[in-house]
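Take a look at the structures below.
First chain A sits with chain B, and in the next complex the same chain sits with chain C.
== the complex of A and B ==
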């Protein structure tokens, strides 16, 4: 039986190792300063080459915007759940709704994002439409991990602060949040890596652009890395494949880095 | 003093109100998503009726003339049926569960009962890394490595030696049902094994010691004590994994060969799923002059929403709180 369990872990680790090996090797083969800093040339039907700076800058803008929208909503929502709600019916409903959102296909949310932001609000394919759609997908992770991290802070701390005459607001801002910060940061990082991995919801909200982000958040399509992996992997030319390899490499290393940072944050600060 | 006290109480109340309001964005998000999908889906629901659920053919009829069906514009000759995508979604996810469940359980048992503590910690990290890989990169790997491997070696051998089993013989394609099921199974292993492992690790020591006192072997304790103890959570994690597989988009797009108007007859057939089809077709649907294809895609989204939400509700009823979301096991505060 031990043999069977070893067999299953090997079956899981071999593809994982192969994925990382493949994209690291291929990525290192094609990575160069010009490839990272020049824009993509050509579109799907013609010859595609150049670099991926349009996708990198677009992804950075989309993620920054989505994180800036998600964190205040999720953080304060999580504070409400853990500190104010007393587990009332409303908070149970919120938890359920957030779980439904998290468990849903990102394609469904992306389609809704198109109808709402691109069409109804009339923003067109744009950074803001893409970022808001992403934040619908990222919200549950920040929301739930913030609540969980706050709930793990011992009640002694709240009671001690209360005995010293501190208001609830001060206790939360000065004490509870600080103790829960490693967990909250992990949740935020997790949500960033979720957003970074998404393709489908951005296809119909951010569309794609061969040009670097030009500073306008509306009516201007933006590029993103996962699009290059999806579309250029299906094109016949080698130069298009190389861009797909490079984007996969950038994505995997960024997510690996986020994972490692999250773990370091937990290790370093959870003992404070 | 009294004035100060009331001011402070007001501050607390404002804090509670503002945080409750921002937390309610979950409700707003869900409401917006459902509302627009319903608004855009209704014309298709009215025009296609029950045929939507029983028809194989999806054909927007773009080149023909505009007519009106039950008060809504549609192209004459258009046919909207979700059967290919609906069945593809269920079959590929079922296959993913069939492969992924024993695999995840093996991994969970290895991590809790077989591996030494340090090895278990670092292996857990690697398995969880699998969850972080973008699904489109999974798909790219499936496209480059897995599907060609299946096409050249695995599927011909299966068709030759196991061909007597219905659905396993016949021509092979590489890109199709088996490739989709395999990629999806890899994608659900991290979540299923992480939740199962956490649940199994919570088995009370007394129960295990009682087993030892009865002279049980390590394996007997796992099978007769640990697994029954964690059973509900394990089933819940499987349903949660199923929910993930049902909604997965990009990985399936890249390895399924996006079948249209044909139901899979063997394990190797090209397939399509609800979400993959939506991703691939939406751009061209926008060019449908009647707009009906966009409506029909919104109805597909509603169907997918209902399926995944049902799976999620079932999972959450089964998994005890504390093991719930994939986010949570990563937070070791």
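== the complex of A and C ==
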């Protein structure tokens, strides 16, 4: 039994380590200041080169916007579910919708985003369409983990506060949210990681652009890192592969960094 | 809400109405039943969880600066009765109260009473110590902070210190107020919860088996504390520990299946119980 467990772990870890190793080695080979700060040149049909600053700036904008939309909604939703809903019909409906969103393939959500935001709302390929589509995919993680983290806070804390004349909202603000914070932060983090690694929904809604984000959220396609990874790794040229390696490296490092920062913050929060 | 009845109707578990009347007369003679004597008066108080009636026409008067004990076997309605006084059961599904809980003559269930304010006047200590997982200081300061009872940091420091002193905890924790409350022992945690309740300056302190989850030594300290607290507060204690009831109680009420079987001075209830049920309970043969 133990042998089997170890074997399975090795089976999973070896390829994973191999992939990470590959991206780190290749990433370090191709990383350079100009590669990070110049835009992509060419479309890949005959030649692609230059840097990935268009994808970095686009990803930052898309993620910032998506997170700004997801976190407040997910938090409010999770707080409602855990502290106010009493498992009523509305909360059941809310959970159902969230579960459906989480269970859907991102391709389907991307298509929906395309039909709703790009076509029906007429925003075209744009940062807003991309970010909203991403936030549909990210929402369930914040929503669910917030609810679960709040439900884990023991009820006798709520009772103790209530007996001191604390209102429900005061108790939530001053006590409950605080103790749920590590869990909530983990959920936010998870959702950001999910958002960062999505490709398909953005293909449908943000398209891609060789230019840096120019400040317009509508009618302007934006670049993003996973596009380069996904599309350029399939092109025959070395220069395209190098851009893909570089983008993977940037993605992996940022997810790693976000995780480390979050760990530190969570630990800070968990301390009394 | 039911209209208050002009004269509370008393019933006794065994149907001995006259005995109940005697107890009542006894109270009257001590001036405990008038508005002036009793700080808290329960009048024909009934409580229900859905169809289940768990308190049945409870009428009695709780005197100021005394320790009034409610004892009775598990499930007889002690906790419910206590939580009815500070309206902690508001919002419990299908919970419903009829009759009156008068504090200083005001029915706490009347529309002009704000349950939030009520709970600052009627503090509560729970069976299981439930300190917040924050510092000792922040635990005690929680109430004063949310109710903005103090203006300056030094005022707040003062309230925290006084509350911890009154709860006989200052000597043990005065030098480590910033430590987590969870690092304290069970008994210390319970006294911290008492200090936390005192910090909002209540008149009444409701205690629901506050010592039952503690080791004997800690339980004894909490008992001592109850006796000290009655100098400045009105203490209502729920316990199923008869020895404890006898040690700390001034008045003792015996509840059985939601009915008030007997109520009177502790010595009388224990040495000369009027009701056969009480006697059985005290002998441990119920």
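The rule we apply is simple: the second predicted complex is superposed on the first by the 260 of 272 C-alpha atoms of A that agree within 3 Å, B and C clash if a C-alpha of one lies under 4 Å from a C-alpha of the other, contacts with A are read in each partner's own complex, and residues count from 1 in each chain.
As a working rule, a contact is a pair of C-beta atoms (placed from the backbone, for glycine too) under 8 Å apart; a residue touches a chain by one contact, two chains touch by 3 or more.
As the structure is a prediction and not an experimental result, all values here were calculated from the model.
Trainee: Do chain B and chain C fit side by side on chain A after the overlay, or clash?
Mentor: Fit.
Trainee: Please indicate which partner A:38 is in contact with in the superposed arrangement: first for chain B, second for chain C, both, or neither.
Mentor: In the superposed model, A:38 contacts neither chain B nor chain C.
Trainee: Please indicate which partner A:210 is in contact with in the superposed arrangement: first for chain B, second for chain C, both, or neither.
Mentor: A:210 contacts neither chain B nor chain C.
Trainee: Taking CA centres, what is the chain B/chain A/chain C angle in steps of 10 degrees?
Mentor: Rounded to the nearest ten degrees, it is 100.
Trainee: Now for A:253: first (chain B), second (chain C), both, or neither, which partner does it touch?
Mentor: Neither: A:253 stays clear of chain B and chain C.
Trainee: Should A:237 be classified as contacting the first partner (chain B), the second (chain C), both, or neither?
Mentor: After superposing on A, A:237 lies clear of both chain B and chain C.
Trainee: State whether A:9 touches chain B only (first), chain C only (second), both chains, or neither.
Mentor: first
Trainee: Just to be sure I read the superposition right, which of the two partners does A:140 touch: chain B = first, chain C = second, or both, or neither?
Mentor: first
Trainee: Is A:174 in contact with chain B, with chain C, with both, or with neither (first, second, both, neither)?
Mentor: In the superposition, A:174 touches chain C alone.
Trainee: State whether A:23 touches chain B only (first), chain C only (second), both chains, or neither.
Mentor: first
Trainee: Quick one: minimum Cα-Cα distance, chain B versus chain C, in the superposed arrangement, integer Å.
Mentor: Closest C-alpha pair between chain B and chain C: 5 Å.
Trainee: So which bits of chain A does chain B touch that chain C touches too?
Mentor: 167.
Trainee: In the complex, go through chain C and note every residue touching chain A.
Mentor: Residues of chain C touching chain A: 86, 88, 116-120, 123-124, 126, 128, 130-135, 142-143, 146-147, 179-182, 193, 196-197, 200.
Trainee: Taking the touch rule as given, give the residues of chain A at its contact with chain C in the complex, in rising order.
Mentor: Residues 154, 156-157, 159-167, 170, 174-175, 178-179, 272 of chain A touch chain C in their complex.
Trainee: Quick one: which bits of chain B touch chain A in the complex? Just the residue numbers, please.
Mentor: 8-9, 11-12, 15-16, 18-20, 22-27, 29-30, 32-33, 36-37, 39-40, 102-107, 109-111, 113-114, 123, 125-130, 132-141, 143-146, 186, 189, 193, 219, 222, 240, 243-244, 246-250, 253-254, 274-275, 278-279, 282-283, 297-298, 301, 304-305, 308-309, 311-313, 315-316, 324-325, 327-328, 330-333
Trainee: Would you mind writing out the residues of chain A in touch with chain B in their complex?
Mentor: The contact residues of chain A facing chain B are 1-2, 4-9, 11-13, 15-16, 18-19, 22-23, 72-73, 76-81, 83-85, 90-91, 93-94, 96-109, 111-112, 114-116, 120, 136, 139-141, 143-145, 148-149, 152, 167-169, 172, 180, 182-183, 186-187, 190, 193, 196-200, 203-204, 226, 229-230, 233-234, 244, 248, 251-252, 255-256, 258-259, 262-263, 266, 270.
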